[in-house]
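Mind looking over this structure? Questions follow.
Chain lettering (A, B, C, D, E and F) follows the sequence in which the chains are written, and residue indices restart at 1 in each chain.
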């Protein structure tokens, strides 16, 4: 579906996608800090797909379970118990990632 | 389910439904402008069911793929990349609508 | 999954869960008022899982269909028609609860 | 300003205002339960003006400080620490209401 | 402050600003439709500054009071009564714009 | 006002405040990562007071302007242009902090 979106006539969408693919590379902040930002912002905004995407990245770049749990703990405190069902799915998905 | 909701004792709910069914008819604004408002507000508020509903209406009243994509591009810019998973599903659903 | 979350290293998450399990007991407000708060806040924040959880509790403590519908009507007015798909699922779930 | 809004050509706005003015009267739920719903939904959605409005009503209908604090505690748990600045302003406003 | 933001080292921010300044020009949709999208998305997301910005643009490009009211009516229905304080400020600001 | 809140009868509120004051200390993640999480979650949820609080902390613990800008850039991309007015105020506040 990403290809279809990139094939769209909409310039804004294409440029947003380009921006997004460059946003999490190392810069003044390292990749781990940036992925934790992506993960926790996705969690407080309660987007399961976004959380999963960033959990995959977090695993890839070597963040530990303890670090990811701690980050998600802060996000749940900020976002409230309304975040908990998403937290649950994030925990499940993180476990799945260990068996890939 | 709508019938069940309309059969509810709740006057507020019934009146909200009545309001909603009249909100998108031609008035000082034409139907296309109003459906684009309904579509993009649904997208920034990230409600897949609402987006689908308005995509169906957009197709019905003759909005083109390019117009719908452009409107959703603006909404994605306003609402951020957190909107992207919903945008993806919207693209998919728009394609499905072409085969109905 | 709750057990896994409670077994997490994250102290914040454990404490939030403890807080949550005590938040809806009788205090200065009775249990019915508190569950209605939990239900309607979940509805305006559009969290289906949370709505279901509180609907189950509402049924358990003896709130009537009319009371639950009325509370959800107020919440839908506050939160707007973007809440309606969640309201629909809430109506469906409430019916299911009657057959358990 | 309400008069100007009611004088608007927009039928939807007028009807929403009418709905709103009837939403909090006694029905299947009593007035206190309904105002607590209005207060807490306003708090989790982080609308200071709405919170103030409902705090005024809560005082008027005889809810105690302890009850209002407890309700706002539940809302803050649901909505997270992002709600805290609004909670602070709500506490301040409740105090002001005592001196009116 | 925009100059300071544009002078920032953050490439993402600069590019988002560039995207934004091109998003509302005529394309597959005309300028009026796009500004109405910007206005109503800002209203349902309850951002006063954004609403004001788009109201200014709406006036500039010749949208009538009736059209703007109608668009904001739809947005208020979608977003609920929690939007009303922002709607009030939008009405006030639109009036101010008539005297500039 | 914090003292008044802590003096409240509401146990939930007191415990949330205690949780909050311990959430950003070093653990599996260092203090900088945690403050960046607090800052960016506050920004995407568009809470000016929370953003200011975390900007103050970010300065205190030695995060550079470039790092803070970059983090806020990612948050603005995730949250969309609706975040921009808050970003502007954040930039202004960060400058003020340099003169304290």
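Please note the rule applied: a contact is a pair of C-beta atoms (placed from the backbone, for glycine too) under 8 Å apart; a residue touches a chain by one contact, two chains touch by 3 or more.
Computed from a predicted model, the values in this text were never measured in an experiment.
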Key: Any chain that touches chain D and chain C   = A, B, E, F
Key: Chain pair with more C-beta contacts, A-B versus B-E   = B-E
Query = How would the chain C/chain F interface be labelled, same or different, where same requires over half of its residue numbers to be shared?
reply = same
Task = Between chain D and chain E, tell me the centre distance in angstrom, where each centre is the average of that chain's C-alpha atoms.
result = 27
Task = Determine the centre-to-centre distance between chain A and chain F, using the mean Cα coordinates as centres, and give it in whole Å.
result = 19
Ask   = chain B: which residues touch two or more other chains?
value = 9, 11-12, 16, 19-20, 23, 28, 41-42, 44-45, 50, 66, 69-70, 73-74, 76-79, 81-82
Key: Parts of chain D lying in touch with chain A, wherever the complex brings them together   = 44, 76-83
Query = Mind pulling up the chain B residues that touch chain D in the complex?
reply = 9, 11-12, 15-16, 19, 22-23, 28
Touching residues (chain side chain D, partner chain E) in the complex = 1-2, 4-5, 8-13, 16-17, 20, 41-42, 45, 47, 49-50
Message = Per the contact definition, I'd like the list of chain E residues that touch chain D in the complex.
response = 46, 65-66, 69-70, 72-74, 76-77, 81-82, 84-85, 87-88, 91-92, 95
Key: Complex contacts: residues of chain D adjacent to chain C   = 16, 19-20, 23-24, 27-29, 32-34, 36-38, 40-42, 44-45, 50, 64, 66-67, 69-71, 73-75, 77-79
